[in-house]
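Input: structures, listed below.
Two complexes follow with chain A in common, the first pairing it with chain B and the second with chain C.
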Partner chain A sequence: MTAPYFELGYFGARGALVAALVIGIAFGWCLESAGMGSARKLAGQFYLTDLTVFKVMFTAIVTAMLGAFWLGRLGVLDLTRVYVPETYLVPQLVGGLIFGVGFALGGLCPGTSCVAAATGRLDGVALVAGMWSGVLATGLFFPALERFYERTPRGALTLPQLAHVPYGVAVLLVVLAALGGFLVAERIEAKVRTSVTPAAPDEMRRTVAPVVEGVGA
Partner chain B sequence: MIARSVDASPRPYANPYVAGVALGLVLLAAFVVMGRGLGASGAFASSAAGVVAAAAPEAARANSYFAKYLGGDGPWLDWLLIEIVGVGMGGFLSALVARRLRLEIERGPRLASGARLTAAFGGGAVMGLGAVLARGCTSGQALTGGALLSVGSWLFVAGAFAAAYLVAPLLRRLWT
Partner chain C sequence: MSGGRERWVTRALAATALALGLLAPLAGSPYKANHSTIDVAALARTVAREEDHVTALELAQWIKDRRPGLRVLDVRSPEEYDRYHLPTAERLALDSLATLPFHADDTLVLYSEGGAHAAQAWVFLRALGYHNVYFLRGGLYEWLEQVMNPTLADTTAPARDAFSRAASLSRYFGGVPRSDIRTLPADESIALPGAPRATSTVPLPARTTSARIDAVRRRGC
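Up next, the complex of A and B:
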């Protein structure tokens, strides 16, 4: 096993922060180039007019999942040293439901709002400010929420453990689900294109109101 | 200098599957290099903890949520906070190269700017509550936990998209 490098002591805390910045830059670059810094594009996901969010997210999940699985299988990556987010069933389901309402209302998620804000979108700035205020307020009231927050802990539980199937079988099922999802997504978008959209490509149709034109490049 | 084409129109976005594979490789690189995934809401939490600790150090240490972020190198050198600074830089550079930088308020055709900003702020605040309860957001739970097949992460994704699709029809005038 040669990875994960940080966990195995190849570099220290300062190196980890350099890695954080480099990985963050690559993350932000990918989000922006896919159009994920655009609230209008993201909102299209919820009205089934633009399924970019689904396609980008599910492709990324499948890519990283397959990479982690095969690097683990080949003995390159020690998966027991990769942090798997711990499961707390009820708070994560409830948190997800609340998060979804905010996502539909705001049109961006926390990561994509940072991209929107950094590329000049003031609605992105407003969402970053709202998110920050929401986290601050929830943190201040945390003592009242703590019992709920700690409910139904299941540790680092994974889908293959839950379903009692081998890791590779769960990976294959997720890949098949993704491929099925992509087929459905393409069909939905094709239907939308033939029924409503005029000739102009999606990205170029700006019904947004520029506050100041021509800032930047 | 010979005048090159003066086409300054924004370039179209990348193919979503290509961008998705690239994003997946970035996430995989985080697993391989760091032994952890990507995140976003954690950066908001550590900076909030930093502000509370500066304003009221005692109260911050007594609060078990903020106290988590006050150990080690402190809240301002938190891994996810540095990562999210990178996200802003990467997004800016990508938009700069593709001529997509532009000061604007993205909103639906029937929505006033003020209403859009209010909805964005409100949506952010609601997501703040949800992300604290869920221990992460679309980055830390959906992408990272999703790729590692965490049960709680998939539960979060199911809940978030179910709720978004349930309320979206009620919010139609925001975007149409």
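Up next, the complex of A and C:
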């Protein structure tokens, strides 16, 4: 049996929804456990006081990348069936900018706002409401936006294609970048910890047991 | 001390990631398609048993029955596809074969103008691990000839049965079945012995297909 299971028709829509729910709950639980439901912790990223987000993101990237590469190499996962989102340069740059401004302002990204909302944080609820309004508005006005959406298409780009290196070399480069990034992040955090005394007040934890919904990032 | 243990775990994880990363360039390509081999003997047996293709009438029946998982794939150029294609057919670019979003259990039916390209694509798709792959042996030409314009071959009982089955399928797809192309009204029971017709010899497919497409398009199909 080769993965991806849904793509290869091993289980139908219902099985996929159950799997998505289970994975989503686990994902939300882990985010909350890592403290990612807190806007203060996430905003610390932008003030270089708390680089947890950077470390969590890069850990996830490296874990998923090594997993995908080696499972593919061992024949457990058929990488040709894994969907690679297409690149549309200008619209995605603009989208990334809007996303970043929202992230810095609200202190939460889509996935973590769902976690924050599920644990009863009001800022999380507000962000989820805003996110869905945005999704709805984009859907309603899509005909007007469509031409912009389709500008500067680059196809399904991957790092190995872009850098003209073999897949394995790209994997090694990303791992080295991540490990280097972790070292730098730890240095910055250590510097902040010694210079800022007393330590920043512990964030007010209003965390109830994470009643997490299966919502992806 | 939990801090010391945490540090140890972090180091161990980092070392594991580094080791897996260092081995990655030496591991070769992770894409399954690159390891896929063609089982020549098995494919040859399939071809010998004539299980590699469908006739136009079989395909017409499948489309009419809405066979679950059926995907009809047109491997001709976009212009040709736009001009005319089989009902429910999707266009499939040959150069994008390696990254196709089909399910393992889909029934894939390929067709091209005459059949050569579809037969080649059949080999590729089998090599990629799809099992329910067929091609339309006579291509679009066969579809136009057998489904859109079926004609009565002779007056024997089996031929008449076959014609009436083909005719009902043909009408479903908006075709024009003819029991005789010259003079008689379309009544199967009084069809004359099938005289050799100009079109019964195999003409150059490209030209004839083009003319036939024009005829079908004029009928507003």
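Quick note on the criterion: the second predicted complex is superposed on the first by the 196 of 217 C-alpha atoms of A that agree within 3 Å, B and C clash if a C-alpha of one lies under 4 Å from a C-alpha of the other, contacts with A are read in each partner's own complex, and residues count from 1 in each chain.
Criterion: a residue touches a chain if its C-beta (ideal position, glycine included) is under 8 Å from a C-beta of that chain, and two chains touch if they have at least 3 such contacts.
Quick caveat, the model's predicted, so the values are computed rather than measured.
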### Message
Which partner chains sit in contact with A:Arg73 here, chain B, chain C, both or neither? Use first/second/both/neither.
### Response
second
### Task
Applying the touch criterion given at the start, work out whether A:Gly181 contacts chain B, chain C, both or neither, answering first, second, both or neither.
neither
### Query
So, does A:Gly9 touch the first partner chain B, the second partner chain C, both, or neither?
second
#### Entry: First (chain B), second (chain C), both or neither touched by A:Pro166
second
### Task
In the overlay, answer first, second, both or neither for which of chain B and chain C A:Tyr47 touches.
first
### Task
Could you say whether A:Val62 touches chain B, chain C, both of them, or neither, answering first, second, both or neither?
both
### chain B or chain C, by number of chain A residues touched
B
## Note on the structure
chain A positions within both the chain B interface and the chain C interface are 7, 62-63, 68, 71, 77, 81, 156, 167, 171, 174, 182
### Query
Which bits of chain C are touching chain A when the two form their complex?
14, 17-18, 20-22, 24-33, 35, 98-99, 101, 103-106, 128
### Query
Once bound in the complex, which stretches of chain A touch chain C?
2, 7-10, 62-63, 66, 68-73, 75, 77-81, 156, 166-169, 171-172, 174-176, 178-179, 182
